[in-house]
Amino acid sequence: MDRQGNVSLRGVAVAYGPVRVFDRLDLEVAQSEFLVLLGPSGCGKSTLLNAIAGLTEIDDGEIWIGGRNVTWHEPKDRGIAMVFQSYALYPRMNVRANLSFGLRVARTPRAEIERRVRVAAEMLQIGDLLDRRPAELSGGQRQRVAIGRALVRDAGVFLFDEPLSNLDAQLRSELRVEIKRLHQRLGATMIYVTHDQIEALTLADRIAVMKDRTFQQIGTPQEIYLRPVNRFVATFVGSPAMNFVPGRIEGAGAPVFRSASLRLPVPGYKFAHAPADGAPVELGIRPEHIILAPDASDAQEVSVEMSEPMGSDLLAWTRLGDLPLSIRLPAETMLTPGDRLRILLPENRLNLFDATNGARL
Amino acid sequence: MRIGSRLSTHLALAPALLIALVAYCGAMGWTIWISFTNSRMLPSSVFVGLRQYSSLATNERWLTSVQNIAIFGLLFIAMALVLGFMLAALIDQRVRAESLLRSVFLYPFSMSFIVTGLAWRWLLDPTLGIEKVGHDLGLAWFRFDWLVRPERVIYTLVLAAVWHAAGLVMAIMLAGLRGVDPEIWKAVRVDGIPAWRAYLFIVVPLMRGSFATAVILLAVSVARLYDLSVAMTNGGPGIASEVPAKFVMDHLFERGNVGLATAAATTMLITVAAVLAPLMYWQYRQPARRPL
Amino acid sequence: MSAAIREPRGRRPWKPTPARLGLYAFLLISALFFLMPLYVMVVTSLKGMPEIRQAHLLNLPAAPSFAAWSKAWFAACTGLSCNGIRVGFINSLRIMVPSVIVSILVGAITGYALSFWRPRGAVLLFGVLIAVAFIPYQVFIYPLVRIFSYLGINNSVPGIVVIHTIFGLPTMTLIFRNHFAALPEELFKAARVDGAGFWRIFGAIMLPMALPIIVVAVILQVTGIWNDFIFGLVFAGRENLPMTVQLNNIVNSTQGEREYNVEMAATLLTATVPLVVYFISGRWFVRGIAAGAVKG
Amino acid sequence: MFRCLATGAALAAMFALTPPAGAEEQRAEVIHWWTSGGESAAVKVFADQFQAAGGTWVDTAIAGGANARTAAINRTVGGNPPTAMQLNTGKQFDDLVENDLLANVDALAGSQNWKAILPAAFLQAVTRNGHEYAVPVNIHGQNWLFYSTAALAKAGTQPPTNWDDLFPALDKLKAAGLIPLAFSGQQNWERNLFNNVMVGRGGHDLFVAFWGKRDVAMVKGPEFRKIAETFKRLRDYVDPGSPGRNWNDATNLVIQGKAGMQFMGDWAKGEFTAAGQTPGKEYGCTVLGDHGIAYVMGGDVFVFPQLKDASQKKAQQLLARVLLEPDTQIKFAQKKGSIPVRLDVDTSTLDDCARKASGWIHDVNAQVPANEMLSPPALTGAIQDLISQYWNDTTMTTDAFINKVANTLTQPF
């Protein structure tokens, strides 16, 4: 079977009893694409993944995988494989049995089972663990086995449900790389659910940011990071978080952002739709986009309250008037509380959001 | 540990300790001592060595009782486990009226064995119960007379006991099933593993604790089996459904043969200890604080 | 392409699969199997004696009558007294309530002391308790009668409470110990660090957390003690005989005509309390067991 | 069926009631197992007579004979005895006498001249080492054959008079589509049926040789084999519902005419009477004997534990005397369905069957002491197990049965 893997959701709705979880969601995932569903817990991302897998019944709409309408198919018949947060390994079976159980049930020829297990074990470097039981494995090893179990299914689409959430930071980054490598080797479509924006940014071809059971923004990591469509996406993605300055937009022809302590002309800002004169807005800028400019005439002055060395760089917590502002600086910068800095907020890095509904302007 | 806490610990255990020493060990010690005497209706102190035991070893009723309890125990535990697990597994499939069904399966456990035995005795009596119903429906060939057939009667005890206990097993299993990681079920569905294989090869091995608890509870009622035999068959027909506890009781009181009764009780005691001691040892060699 | 063929869309149409039908069939048959004895008892208790002799067990009563129930409750005879089984109802309550409380308390304290504090000899004590659970308690009655007579606490409600505590101890200790052993030890350590002592940890932390298990314990003890016959008879004394004794007197009369309808009504009346407890608390029972009694 | 419960009842009575110390009245607490309708009417006779004589009767009734006995004995041993307790005539109080727990009633026996007024077997049954330790109160016949007149008429047969007659009659009943023999398949009734066969075919001497002398040679002889075979042959004439049945349910089969006959003690008359039937009309009673009438006589006695309290002792003496007074005797027998234990009372007011029996108790040759009078409960129980096995286990041969019986008789009990 050719492993076709484009996934398409068309008007999918899910309800638990009278409570609508989703209303008519649409999503297209291309063949070989790595799509991350990102959002805080309770945003519905896992439910959506379960709906794709067929583990949750949908109430309306269609699900297409690999060009087939699989809306009414059993999970096993959808051409998918899945990896879970708790690994969901079969506890009393050894690793080999865990990997091969589904295949044995499907009456795959013995030689084929062995081949696939070998390939998967090799790919994940778990060859020497095959005779152990899950209880005898570390967390990272368990998750490798869980991924291996998905691998042997030889599916066109891989679904990951927060696979790294139960691991410590070190292992998480290791396995992240592993998964990325796997994606490149297999060329399979992957849909990956996480609440961790680093994972999303590092892994994804495209990210779908979810909140309150709707898509906020679907786009490449750059788009999401640089041009968040609303204040929520802007806050949720990026660490440390974006700085926000409340204020107003004035002047129709040459717009100027104005707040209590800041006056910033934004003539070149690409407005999605122009705001009314004097409309309340919020200006957002990421800490790493703020530039130190001791000599610039139009620079703003901020006072340093505290500095956090991060190793590779340094985070300065400052105040602009009464407003907190964090600035990412080179690691070797020497700061003491009370220092005053002069900074520039580059116009091409600015984000303006409607203060009433949070939408990008 | 602070002195106060240690004192409190001992204080807290005092009732249990007192009960264990006086009620349990005292009674057991007395029983063992009497089994070496020639006591008849009243306890005596004439030592006769192992005479009661040798007469027990050739006592046909005792041997039948032992054989019966073995058959009963194995069948009852196996069937109660299987039926209880099946009911739990089926009820767990998001069926309608789940809570009603659960109560229906569980209520027999609230009945005493006496009532259980009485009810089943009626149902199984060939001239009153199910067989008669069959005949009244025109099924003249229908026979369900195991209650009055010596070679089959023990299975009717199993039937009644399973009726009594399957609901409890179901409750224990249901609790165990609810504790299974829901993602395991998802993995099973994605892997396309049929339900029965998933239960047999994945879930059952996961529920070792539930099974252990159920087996212990069932085994306790096997060792204590008495009321049911009395109420349902009174050991009959003949001595076909006699059980050890009934042997002890009958000889202790009705037959005025306290020596033989205590010898039988001591034999039961030793058997239980012999089975339990290695289990307990094994249990406590495991890392500390693992529940039984 | 014909428009008549509907693309799969939305909720999967419900089709009665053979497996699903089989499941319901099995549950239905099981339910009938479990309900049959109760059904027989109920319909028999509503029939008159002539009907019981003529018709078979499963027939519905031709003219349902509660006469047997009222006779069983108010007027059934044993020997010279004809006061029905109501006499024992109050006695049963008087025995049950303190027995349930005391036996659960002792079991909970013992289980707690054994699981967290692990004093020396704990394993041995626990072993003895478990072993006793497997021994028919009839074996203990004879010597216990002598002991109680010697101590002078026979023939009293306190005496019977002690007896129920003695024989409830193994099960109660087992389920509480297992529950406490399944709790995180950090909890216990944190309480120790906060300066709480033995009783304080028990009363303020462990007991409130054991609520689901207490429900299980209450259910087990209520049914066990309510259904008890032998202990109540031997140790409660002539003034405190429980309801089961009246039941015995009614169903055990072997001479004269046997009134099966009255016997059934008396049996059902006696079984009412545990039955109600089970039907009401079935859900909690499962939850309680799930709350730690079965973790392995 | 509820024996386990009843055993508990027995135990309960161990400490059930302590008569208030120092009571001036002659209070007597009596443990007995006469709890059913007819029985309690009978025991009321004792109570009333005792009250009339100035005593106060405190009733402790415990359903089930074995249970009441156990309770009473345990209370006595435990130091909390009742004033008086019922036992079966026989060996049940051997251990109590041996342990010096019973008061003797020698004085009463002398003043009432028991030698003259009691059947010899009964006097012997209450005597240990030359002292009388119990007051017998009645005689129950244990080997009656009751039959339904209607059923026999329907089958076209006469009531049998001996064991050889019995089988043709049973065959005819069977042919008529009736249950030939109403039977209650519980262990003690299986033993009772065996005893009926044994005494009927073997007569007095064989019966006593078996239960009393434990004569192994006799057991291995041809006569006993014939008895065993006859017993087993009866198995063909009972219905499939018989195992576990209560004796009174079996009696009811005869009353309703569904079954032809039943072997049972004379207490079964209570059932017939309750159903409005009278002996000689709707039903008949007879005793089958191949060697003439051999009437198995059991009965009830009261024993009196050793007491310290003087007023209690007086109460015991009063009660003992009242129990055997002619008036009490006849009134009690009327209610109970038994016959008086005194030979010198007028029995003309009793029913047909009882009058027949009254004749036999004057005839030494017709009297057979009951099983309980001859053997201790432990031996009785062990043999009962074998009888029950033999009856129910179709694969057990007569040879095997005989060997096991012989073997059991040689064991110490």
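Should a chain be cited, it is by its letter among A, B, C and D, assigned in written order, with residues numbered from 1 in that chain.
Keep in mind that, in the parts below, a contact is a pair of C-beta atoms (placed from the backbone, for glycine too) under 8 Å apart; a residue touches a chain by one contact, two chains touch by 3 or more.
Fair warning: this is a prediction, and the values are worked out from it, not measured in the lab.
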| item | value |
| --- | --- |
| Smallest number of contact steps required from chain B to reach chain C | 1 |
| Co-neighbours of chain B and chain A - touch as defined | C |
| Highest C-beta pair count, chain pair | B-C |
| Identity of the chain that, by mean CA position, is farthest from chain D | A |
| Rounded Å distance between chain B and chain D, as computed from the means of their C-alpha atoms | 37 |
| Distance from the mean Cα position of chain D to that of chain C, given in whole angstrom | 40 |
| Distance between the centres, which are taken as Cα means, of chain C and chain A, whole angstrom | 54 |
| Distance from the mean Cα position of chain D to that of chain A, given in whole angstrom | 92 |
| For chain A, residues contacting two or more additional chains | none |
| Residues within chain C bordering two or more other chains | 229, 244, 251 |
| Residue numbers of chain D (touch at least two other chains) | 1-2, 4-5, 7, 11 |
| Chain-chain contacts as defined at top | A-B, A-C, B-C, B-D, C-D |
| Interfacial residue positions of chain D with respect to chain C in the complex | 1-2, 4-9, 11-12, 14-17, 34-40, 43-44, 59-61, 63-64, 74, 78-80, 246-249, 252, 267, 270-271, 274 |
| Contacting residues of chain D [partner chain B, same complex] | 1-5, 7, 10-11, 66-67, 70, 73, 77, 94-96, 99, 185-187, 190, 239-244, 376-378, 380-382, 385-386, 388-394, 404, 411-413 |
| In the complex with chain B, residue positions of chain C that touch it | 19, 23-24, 26-27, 30-31, 33-38, 40-41, 44, 56-58, 106, 109-110, 112-115, 117-119, 123, 125, 127-140, 142-144, 147, 165-166, 169, 173-174, 177-179, 181-182, 185, 197-199, 202, 223, 227, 229, 244, 251, 267, 271, 274-275, 277-279, 282-283, 285-287, 289-290, 292-296 |
| Contact set on chain B toward chain D in their complex | 38, 40-42, 51, 55, 59-61, 114, 117-118, 121, 125-128, 145, 147-148, 150, 226-227, 230-231, 233-240, 249-251, 253-257, 260 |
| Touch list for chain C against partner chain A, complex | 7-13 |
